[in-house]
Every structure is written in structure tokens, then in C-alpha cells.
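Multiple structures follow.
The two complexes that follow have chain A in common; it is paired with chain B in the first and with chain C in the second.
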Partner chain A sequence: MSDRRASSARAITWAARRALPSLLSVALALTVCFVAIGISRADFSVAAEAFQQMTWGGLGDFPGFFRDRSWALLTRPWGESTTKAALLVFTGLSVSVAFCVGLFNIGAQGQMTLGAITAAVLGAYLPLPRGIHPFACVIGAAVAGSAYALLPTFLKLWRGVHEVISTIMLNWIAVSLVENWLVVGPLRASASGDLSRSGTQEILSSAELPRLLGGLSRLNAGFPLAVAAVLVVWLWLSRSGNGFEVRAVGLGSEAARTAGIAVHRRTYQAMAIAGALAGVAGGVWVLGTEHKFPATLGSPYGFDGIAIALIGQNHPLGVGAAALFFGILRAGGTRMQLLGVHKSFPELIQGLALLFVAGKMIWERLLIRSQRRAMPSAEAPRA
Partner chain B sequence: MLAVDDVTAEFGPGEIVALVGENGAGKSTLMNILSGLYQPSSGEILIDGEKVRFRDPGDAIARGIGMVHQHFMLVPTLTVAENVVLGREPRRLGFFDVRAALASVEATTRRFGFALHPDARIEDLTVGSQQKVEIVKVLYRGARVLILDEPTAVLTPQESEDLFAVMRQLAAAGHTLILISHKLREVLSVAARIYVMRRGRLVAQVKAAETSSEQLATLMVGQSQPAGAGSPRRASPGDAVLEADGLEALGSSGLPALRGVSLRVRAGEMVGVAGVDGNGQHELAEVVTGLRPFQTGSLKLMGKPVEVASPGTVRRMGVAYVPEDRFQRAIIAPMQVEENIALGRQRQPPFARGAWIDFGGRRSRAVSLLESFDVRPPDPEAPIGELSGGNQQKVVLARELDVAPKLLVVVQPTRGLDVSAVNAVHQRLRQERERGAGVLLISLDLEEVLTLSDRLYAIYEGRITGELARDEFDENRVGQMMMGTRSDRAPRGAADV
Partner chain C sequence: MLEVIEAILFSTLDYAPALIFASLGAVLCERSGIVNIGVEGMMRSGAFAAAVAALIVPTGVAVSAGMLAGAGLAAIHAYLSIRWRSDQVVSGMAINLVALAGITFLLESRYSPTGTPPIAQLQRWNLAGVEAIPILRVLSGHSAITYLAVVVALAFHVVLFRTPVGLRLRAVGEKPTAAATLGISVARLRYASVIGSGLLAGLGGAALSTSTLDRFEQHMPAGLGFIALAAMVFGRWTPLGAFGAAAFFAGGNALRIGLASSAPRVLQIVPQGFLLALPYLLTLLVLTAQGTKSRAPAALGVPYEPESR
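Take a look at the complex of A and B:
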């Protein structure tokens, strides 16, 4: 019994140690931004006000709520935060699942684009009953993203093409294919009459992801789906034999191969899942908020996924937490505009946090090395 | 912790002195103090009666003490001369003076009678010649005291003899040579005086003429050694578990590495493969374990022909593998010890229940294996990369033997391990043989092959150059076969087994 307790205490220390660099980095990034706003406006009270607005805008306008007793003041920000967080969850998980098998998936953006256009087409043109339609669209988006991620994986395993290069190039191909051709060409809504609108045909109402709070908020079923994805990916990687094999391939592919693990099969599988997650991000974005594929994808959620994966320390729960945090921050960032502070500050915070997380990794490595150097005198000798 | 505790030793000119001891006995630490790498916390070093203080290896070399490292510190793409002068290049007008370098290196090699071409590239030299380059490097810097750390670890018997001749010559010229080794037979043949270290202390000083390797081993370990050699062999080995006929395979560079290898391993028999590094041993092990495809020839495991082998299918047929390259092949350093134990059987009980990991079953199996293989610390949750090399190897053995393999392929199983870990590994291998497994032992350590095997093959340039039964074992004969010299008898191959 005490054994188990010691073991779980150890797990907690481990989790804390793993999360610490990210928490410190985020705190440092927030501080730097606070100071930056204060200096640029020559007034730190503006910075304080901006941060306060960001908090209310992301977490819910509690002062307003207590004043007016209007639920919408809480549920609107919640809707904005969670829709953004859901997309970051999916792309963040996509990047971190690929990391687990040892690949750097820079292609989440392209996979998401293909997922989005697939969902938009299936949603607009496939007549299905209300209960099934969103599922069919999400699955279609997942399959599209998956297929688009398998292409660079195949090139990597077959010919040794580095996935960073091929996924970056495939991102551009996705943009050209979808935004520069399909959306302005064959799939353009105006083809069916209305010339003033850009983007594809609106999806059928049967395909929309249901809004959980009705008219009170944009909070839609994408968010619980994202939470479920976090839990499923976590269970898969940490509890299943298959997930163990994926991690083994990522951490030591030669040893995994020697142990009889099908390295190629696990790599394809993990990348298919990574692509599917990015594709679902696109699907949720179309089905939950946009209801069509607009002229462009707008925010680079696929690239944000890289930052979220790293700040989340590549752990599904960490990715979930980081995505939620930055979703809240971004939703709140819009409110900062009221004070004339640019709404891209949350992205700046995210960028800085990523920088500090990466910096912290270098830092730790340096620390370990200097410890090692000091070791010979302190440790038992090896003859 | 004290690595070296109150040691007083003397080394005279023209003398070859050996320093022996187990791993961790403090030999290397002591020598690192002498060569200026570490500073002693107390005590002093006297050279010619004068007290000296070394702040770094440069100070030591300036006083004539040079270290020949176990792992060669040579740049493979540079020439002998360039490697020798590296860090102390002769200059002319501020530029590297190639001619002066060649001349002075040539002078050094000639003076000591080394057969070395100063303008040969290191990568083209044999390991034995590379060792000589290391020695020339130290001599070039004016060393009068040479410390040689395990110099024969990678040499053939002939190359070792060659090295000893060089050492005797240097001693005759008035140099002092300090030999660190745990090959006791060599130490006895080349050194005049022997210091024995145990746990940081000098426990004995003996004259080579007045001692034996048994006595030295006892002094090193501090207790009498279990009788290792001459292990009882089973009356008759069983059916063949490995039959290879005319195997040909390509190496990683795409060039032929195996050029027709035929050999047999039967149940209950330990078969050694002796050879100098890079003669196809590596590839042989990989072909047998399904990691490397073979071009022609046939491979039978447990009597069943194997067409396309994969590591997984070979494993399922009852083959276990202890690879040479532990870090690449055998363990996943960042994963926990128990995860490494599960590796390869992650989908089977007790490590899994259906599709899910069985954490309880895995833990209890890991704990019992760690105990029975005496792994320290016996912590199933620690990342295996944090264990010492010997304990990592014990975990690998524990995992591989836990499946009760029918064929066990082991490559260099004791490289870098200390005496007690070596004994533990050898003990386990013998037990497997007694249990009835066929063991294919591939090792660069000829002593290990000779001690453990019931039968051995010599391999040279991808061919089996000879086969000897235990009662025919003879170090010189094996050495010749390892160098490609045909034995007096053509390899029996498989025909009469």
C-alpha cells in the first residue's frame, strides 16, 4: 500500500516537474507583454486595464454579470474561448501525436485546410438526417486530413524525404488547391446566383454542430468533442499496448524494430491519427462556427498547434490545458481592442511563451551538462 | 565518495608497471590524476624527486607524462602526421607546415621503429596501427611516462604481441610505461611489477614472476573467484536450432558483408564466433535475428526454413537477442526500466491484458526480474538510461532470458562491464546452455569466446575461416584463422554436424 502511495507521489512530482517550465514560461511571457503594453502606452494603468479586459473577455464578464444579472455576459466569452480552444486542442494534439512517433508535423495547417473543405462540401451537398450529418462531415474531414498526412509519411519511409520539408510544401499545395482554386472556382457559392458572397455554399442546417447554449453563446459541440479527444489520445498513448508501441518507435526506433515492433506500420498509424485530428479541427471550424469555407482559413491554427504542443510539453493533458489557456487569452484579446491595444497581443504572448519553453529546454540541457562535468569528483569512478 | 584513497605508488625509468583492478576500483581516476585531468584533494606527485602540481593535461605533458586513451582520439579523415601534430602543429609564417610535420613525425616513428607511414589516412589503418599512432602522438609531445589504458581491448592476439614488443622497446629506451588492464594473462607477460587496486586502495604490489592470474584475480575481487573455465558441458547437444548455409548479405554500406557463411548451433550448446571487428559478425547477428535480409543461402531456425525474416517473426520462433549496441538496439533510454522489460512482449501477459497495458502484472514481473538479476537500484520506474552500463545489460539479459529462448544470440555481452558483472553475465549464459538453449556467442574478446564456447568458428571478411571443437582450442591457431590464414583443415561447415 505504502508502495503505491510512494509511486503516486512520484508521479505527482514528475508531473509538476514536467509542467513547471511551461508554467514559468507562460508567466514570464505575460509579464513581458504587460511591461510592453505599459511602456508603449507610457501608462501602466492601461496595461492593467487591458489585462483585466482580457480576463473578462476570456473567462466571462463577471463584474458586468453581477451588475446586470445577464447570463449572456458570461456565456458569450465562454463561447468564444471554447471555440478557439477546441481548434487549438485538435491541431495541438495533431502535432504532439506526430511528435510521439518521432515526426515533426508542420503540415497540420494543410491537413486542417483539407478537412475544412471536405466538411464544407459534405455539409452543403450531402443530404443526411440531422443526427447523422455532422458525424459524417467530421469523419470525412478526419479522413481527408489523414490522407494528406499519410502522403509525407510515405515519402519519408519510402524515400527518406524529411517530413518538415514535405509537410511545409504540402501546406502550400493545400492553400493553392483549396483557397486559390476550389473556393474561388468550382465550389464558389456565387456560382449558384449570389455574387456578393465569398466562400463556398453554406452548409445545410442539418450539418451544423449543435450550439449547446442555444442563442446565448457560440459554444458548440466541438468543445466537448475536443475534451473527449484529449482523453482518448491520453488513454491511447499511456494505457494501451498500441500506444506503448508508438511511443517506443518515437523514442528509440531501432530498439523498437529489434524488439519486433512494426515500426513502419506504427509510424503510418500515428501520422494518420495526427492528420485526422488536424482534419477534424478544420471540420469543427466549418461545422461549428463558419458554416461554410470562407475565402481563406484566416487564423493559422495549424501552426499554432506546434506552439500548443510544445507549451503543453507534448502530453495530451498538457496540450488540452495549453489550448484552453490560449483559447481564453485569444477570446479576451478581442476585448483589449476597446483600449486601443492590438488584439494580436495574445498571439505575442503565445509566441513568447513558446520561445521561453524552448529556451528553458536549452537551459535545462546546459544545467545537466554542467552537473555531469562536475560529476567525476563527486561520483564513483569508472575504471 | 573517495575514488582513490591514500595511494602511494612508484614508477621507475625503463620499467613496465601494470595497474589492475575491477571497474570502479579507481585505476582510471588515479591515472587521470597523474595525467592532470583531475586534481587530488590531498597528496602529492613527485617527478625526479621534485614536487609538481598539474592544473590540466597540458601541465602533465609538459612534465613528460602522456596518456594513451582506450578510445582512440583520432580524426579518421586526417593523415597520421596530421593527427600526431594536432594541437601542436609546426608553423611557418603562421600557416600549418605540412613538410615539417611529416619530417618530425617520420623521425619519431623511425627512432622507435614503428612501421607507420606518416601520410597514410587514419581511416585506412588497422586498429593496431591506429593504436601506434596514439602512442606516437604522446611520444611526439615528449612523454617519458606513458600511461596505456586498456590498450589491447580492440586488438587481435598478434597485434597485441606487436604492441608488447613496442612497449618493451620503449622501456629499453628508458621510458616508463604504466599499463592499465584487466586481461591478467597479458599483464603477467609484459609487466615486471603489478599494482592491484580495490575500492580506491592499493591492496597489493607483486612481481609478475612471483604471481599467477588466479592470485591476481583473488586480490582484485577480494575473494576467491568461482571456477569459470572448463564448465561442464552437456553430454550431447540436441537438435539444431540454427542452421545457416552459404549465407550472403550486404552490409549497411551496400557492400557484401557476408560471403557465404555456413554454421550450426544445436540446442544445449554454446557456439562462439571469433573475429576482429568489422569482419561480418555484426551482419551475421542481424541476419539471424531478422534485422537484415540475406541475398542468397538458406537459414533454418528450429529446423524450419526462414524465407523472409522479420524481427517479430524470428522472436516468435523462440529467438532472443542481446545486441552489441545496447543504446541503439537493446534499450530505449528515456523509458522506464519496467517499460524496457516489457519491450517486445508489450502485447502479451503479464505485460498486457487485451489491448491495454497491465500495469500491475508488469510491475510484479519487473520487480521479480530485477531482484533475480540483482539489478541496482532495483527501481522499475527509473528511466533505464540512468542505470550504469552493467545494470542496463542485466536488465536486457533479464528481458531476453525471461522468454526461455530456444536460440540466444549474444553479441559482445560483456563489453565495458566490470569483473563481477562479467561473471554474472557469463553465469547466466552457461545456465541458458544447461537449460537447453542454443547460444550463439559473437564476441571480439577472444578470451571470452575461448572460455565459454563448446565450439567456435572464426570469421574473416565475411567468411568462416575455421571451426574448432573445445579440445582443439588454441589461441594462436584461432588468431591465425581470425586473420584469414587458412587453418590446416578446411572448415567443416555443416556437413558433419
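Take a look at the complex of A and C:
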């Protein structure tokens, strides 16, 4: 009985210790950005108000709700936060699954682009009944992303081409071919003559991801799907034999090989899943919010995925938490525009947080030092 | 026809320096064993800082502000990856994200969302001797930065392959432990190269905003930092190779823009997207062909730990 309590206490301290560098980094990034607004406006009350707007814009406008009793003041921000968080969950998980098998998937951007264009095409041109259509599109997006992630994996295992360089190249190949050829060329919607419209043909209404709160919010089925993905990836990596093998390959492929693990097969499998997750991000983006492939992807979601994966300390649940946090921040960021603060501000917070997480060793050194000071000689220093 | 060719060559020479400096910077950094995918962010900060400085001081002086801005970001990258042995790809990516969002923020809060006000462009030099000669006359009428790009590439080549410092730099990138046993300070050389690469990338960015154009625009450098990485790989991590690859990619880009204006029918057969994808595709093919015989420095991306063997 007490044994179990001790082990669960240990699990909690383990989780806290693992999360601490990220939490401190995010806190530091928020502080730096607060000061940045304050200095650039020479007025810290603007910064305070901007942060307040960001909170209400992300979590729901509670003061307005208690004043007017209008649910839309809460559900609209929720819709914005969750749609943004869902994309960050998928790209973050994509990068993090690749990390688990020891590869750096910088290619989430390209995989997402291919997933998005596939979903846009299947959604617009494939006549299917309402119940099946979104599934077919999401699966198509996953397959496209998956295939595009298997290419650099193949080049790595076959020819030793480093995946960081090859996925950077593949990102730009995907962007060039999709945004500068397909979307402005063969798949362009404006065949009907309206030249002002950009992007591909709108998807059929049967392919749209259902809105869960109807007209009250843009909250769509992509968010529950993202939550499910977090749980499935977490269970797969931490509770299944297959996931264990994947992590073993990531921690040391030679050791894994001697233990009889099929290293190449696990690598292909993990990268296929990573690509599928990034592809689904594209699919959810098209089917849930845009309803077509607009002129461009617009935002470096794939690179955001790297930030989310690392701020989430590469743990599926951490990725979920980080994605939700930054989704809320981004949704709130649009409200900051009211005060003349650019909506990309949350991205600055995210970038700085990643920079501070990159200096993880600094945090660890500081934490260890403060711990030593707190309880001297509690534990003999390890050699 | 001659005019078209000349126009394309001329715009190549105008556009190439940014790419050349950035890819030389990438070569310098990676030769010392530190991965630098933050080139894009360093270019962006260089372009912005140079344009902002040029609003106050003469443009020639402002270029050095761009270099310093690039070096500042590079110093962060160096500190994290050398002193704290952070993952170099993560730190480079973080620099890209910070530069992307941070400069958008500064631009918006100080100027306009689209770009800075126009500045005095760098003065263009007219070479008196060549102006009458067909084809060769495209060499005239560029800013000093264009000519500097050639000089820097040659000088870098000589330093890297013909001087003791260059030999040490290469040794540190190939086998730092061996270099350290000869009394070379691995950390100091790596700091110097990473910061030097920031200076070069910043100069490349400054070339965009002060020489190619006459202001900083919000989208700069629009992925040029990543093409610079491609040029580095394509040029097999050598200064002259990177120079050639950068010039080749810049020429391809000028050709694409030239075709769009002078022969739009060609672009109906070969869509622009294909031409845009070409440098990346070629790099990928070269990498695949080289395979494990790739010329990447052996210790690239591996943090140096003095106590390991």
C-alpha cells in the first residue's frame, strides 16, 4: 500500500522534474515578451492589457460572459484555440514520434502540405456520402504525408543521406510544386472566371469536418481527433511492445539490433506514422477550417511542430499540453491586434521558449545547484 | 536575344551575393563541426538591421550593422551548442523562429507591416573598361557587395586550404579530439567560425535589403537561407563549390524570372513551380548519388566533449 504510494509519488516527481525546464522556459519567454511590449510602447500598462486580451481571447471572454450572459463570447475563443491547438498537436506529435526513433523530422511542413492538398482534392472531387467522406479525406491525407516521410527515411537507410538536409529540401520541393504549380495551375478553382479567388476548388459540404457546437463556434471534430491521437501515440509508445522497440531503436540502434529488433522496419514504421500525423494536420486544416487549399499554407506549422515537440519534452502528453497552451496563446494573439500588437506575437513567445528549451542543460545545472543547496549531502554525487 | 541574355546575367550578379555570402557562412560554420540551419534567421536579422541602420547612417556603414546582427544570433547559437552542447539543429531552428517572429514584431511596432521605408541603395560602380564590350558589360553597374562576394569566396578558399588556421579549422570539424591533442582550442575555433558565419549570413541579408532592393520587406529572405544550405551541400562543403552552386542557383532564379517576362509561353510548358523546386531536387539527387561518400565534415553535429575519447 505505502509502496504503491511511494512509487506514484516518485512518478509525480519524475514528471515534474522533466517538465520543469519547459515550464521555466515558457515563463521566461512570456516575461521577455511582456517586457518587449512594455519597452516598445514605453508603457507597461499596454503590455498588461495585451496579455489580458490574449488570455480572454484564448480561454474565452469571461468578463464579457458574466456581463452579457452570451455563450458565444466563450465558445468562439474556444473554437479558435482548439482548431489551432489541433494542428500543433498533429505536427508536434509528428516531430516527436520521429525523435523517438532517432530521426529529426524537419519535413513536417512538406508532409503537411501534401496532406492538405490531397484532402482538398479528395474533398472537392470525390463524391462520397456524408458519413464516410471526411474519413476518406483524412486517410488520404495521412497516406500522402506518410509517403512523403518514407522518402527521406529510404534515402537515409539506403544511401546514408542525412534526414535534416533531405527533409529541408523535400519541404521546399513540396511547397514549390503545390503552391507554385498545382494551386495556381491545374487545380486552380477560378476556371469559372472569377480571377480574384485564389486557391483550389472548395470541398463538398459532405467532406467538411462537423462543427461540434454548430454555429456557436468553429470548434470542429479535428480537436477530439487530436486528443485521441495524443492518447493513442502515448499508449503505443509507452505500453506496447512495438512502441518499446521503436524507442529502443531511437536510444541506440546498434544495441537494438543486437537485441534482435528489426531496426530498419521499426524506423520505416515510425517515420510512416510521423508523416501520417503531419499529413493529418494538413487534412484537418483543409477539412476543418479552410475548406480548400488557399494560396499558401501561410504559417510554418511544420516548424511550429518542432517547437511544440521539444517544449513538450518529446512526451506525447507533454506535446498535447504544449500544443494546447500555444493554441490558446495564438487564438488570443489575434485579440492583441486590437492594441496594435501583431498577431504573430505568440509565435515569438514560442520561438523564445524553444530557444530557452534548447539551453536545457543550463536549466538542469541551475536546478541541480539549487537542489544541492537545499539538501546538502542527501545523495552522493554520481561519478 | 543578346539583350535578354545580358539582362539575365545582370540580374544574376545583382541577386547572387546574398546567396553566396550565406552559403559561405554555412560552409564556415559546418567546417568547424557545428550544424547551422539558423542561416535563414541570421539573414533575416541582417537584412532588417542593415535597412534600419541605413535610415540613420550612410548605407555603406549600415551594412556592418546587418553583419553584427547576424553575428549576434550566431553567438547565441555558438554559446548553446558549444558551451552547453545543445542539439545544434534545435538551436538553429529556434533562431529561425525567433528571427521570423521577432522581426515581424519589431517591424510592425516601429514601421509598417509590409516593410521599412525606402533607404538609399548602395552605390553602384561603373567599370569604365568593359562598358562597350557585349556580354562582359554586365559586369559593370553593381554595388561593391557583388564584387566583394567574389573576393571573399577566393580569400576563404585560400585561408581554408592554404593556411595553418584553415588546416586547424578543418581538423576541428573532422576529428576534434585529434586536434585538441595538438594543442588546438576546439571551443575557441568553433566560436570563431560560428560567429564568423553569422557575420557572413548577416552580410548576405544586408545585401538583400541594401543592394538588391532598397528596403527591408516583411517576407525577406523568403527561404534563401535554406537555398544557401542547399548550395553548401551541392558545393560539397567547399568555399568555391558553394560559391559556384550559389551562383548557379541565382542564375536559375534570374532565368525563371526572365522567362516569365520575356517568354511566358515556355512557362506554360514547364511550370514555374518545377523551376523553383529544381535547386532542391538537384541537391537531393547529388546527396543520393554521393551516398555515404558524402563530403560532410566527420564531426558535424557532434558536440565536443573534452573528456570523451
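In the analysis below, the second predicted complex is superposed on the first by the 358 of 383 C-alpha atoms of A that agree within 3 Å, B and C clash if a C-alpha of one lies under 4 Å from a C-alpha of the other, contacts with A are read in each partner's own complex, and residues count from 1 in each chain.
Here is the rule we go by: contacts are C-beta pairs under 8 Å (C-beta built on N, C-alpha and C of every residue); 3 or more make two chains touch, one makes a residue touch a chain.
This is a predicted model, so every value here is computed, not measured.
Shared-chain residue A:Ile173: touches chain C; no touch with chain B. Applying the stated contact rule after C-alpha superposition, one finds that A:Arg159 touches chain C and leaves chain B untouched. By the touch criterion stated above, A:Leu355 is placed in contact with chain C alone, chain B being left untouched. Between chain B and chain C, it is C that contacts the larger number of residues in chain A. Contacts of A:Arg10 after superposition on the shared chain: chain B is touched, whereas chain C is not. Common to the chain B and chain C interfaces on chain A is no residue. For chain A in complex with chain C, the touching residues are 36, 40-41, 104, 106, 155, 159-162, 164-166, 168-173, 176-182, 184-185, 300, 303-304, 306-307, 310, 340-342, 344-345, 347-348, 350-352, 354-355, 357-362. By the touch rule above, chain C contacts chain A in their complex via residues 35, 37, 76, 80, 84-87, 89-91, 93-98, 100-102, 104-106, 108-110, 113, 223, 226-227, 229-230, 233, 271-274, 276-277, 280-281, 283-284, 287-288, 290-292, 294, 296. The touching residues of chain B, when paired with chain A in their complex, are 1, 3-4, 21-29, 32, 38, 180, 200, 289, 291, 310-316, 321, 323, 328-335, 339, 342-344, 346-347, 351-352, 355-357, 381, 388, 418.
Across the complex, chain B is touched by residues 7, 10, 239-242, 244-245, 247-248, 251-252, 254-262, 376-383 of chain A.
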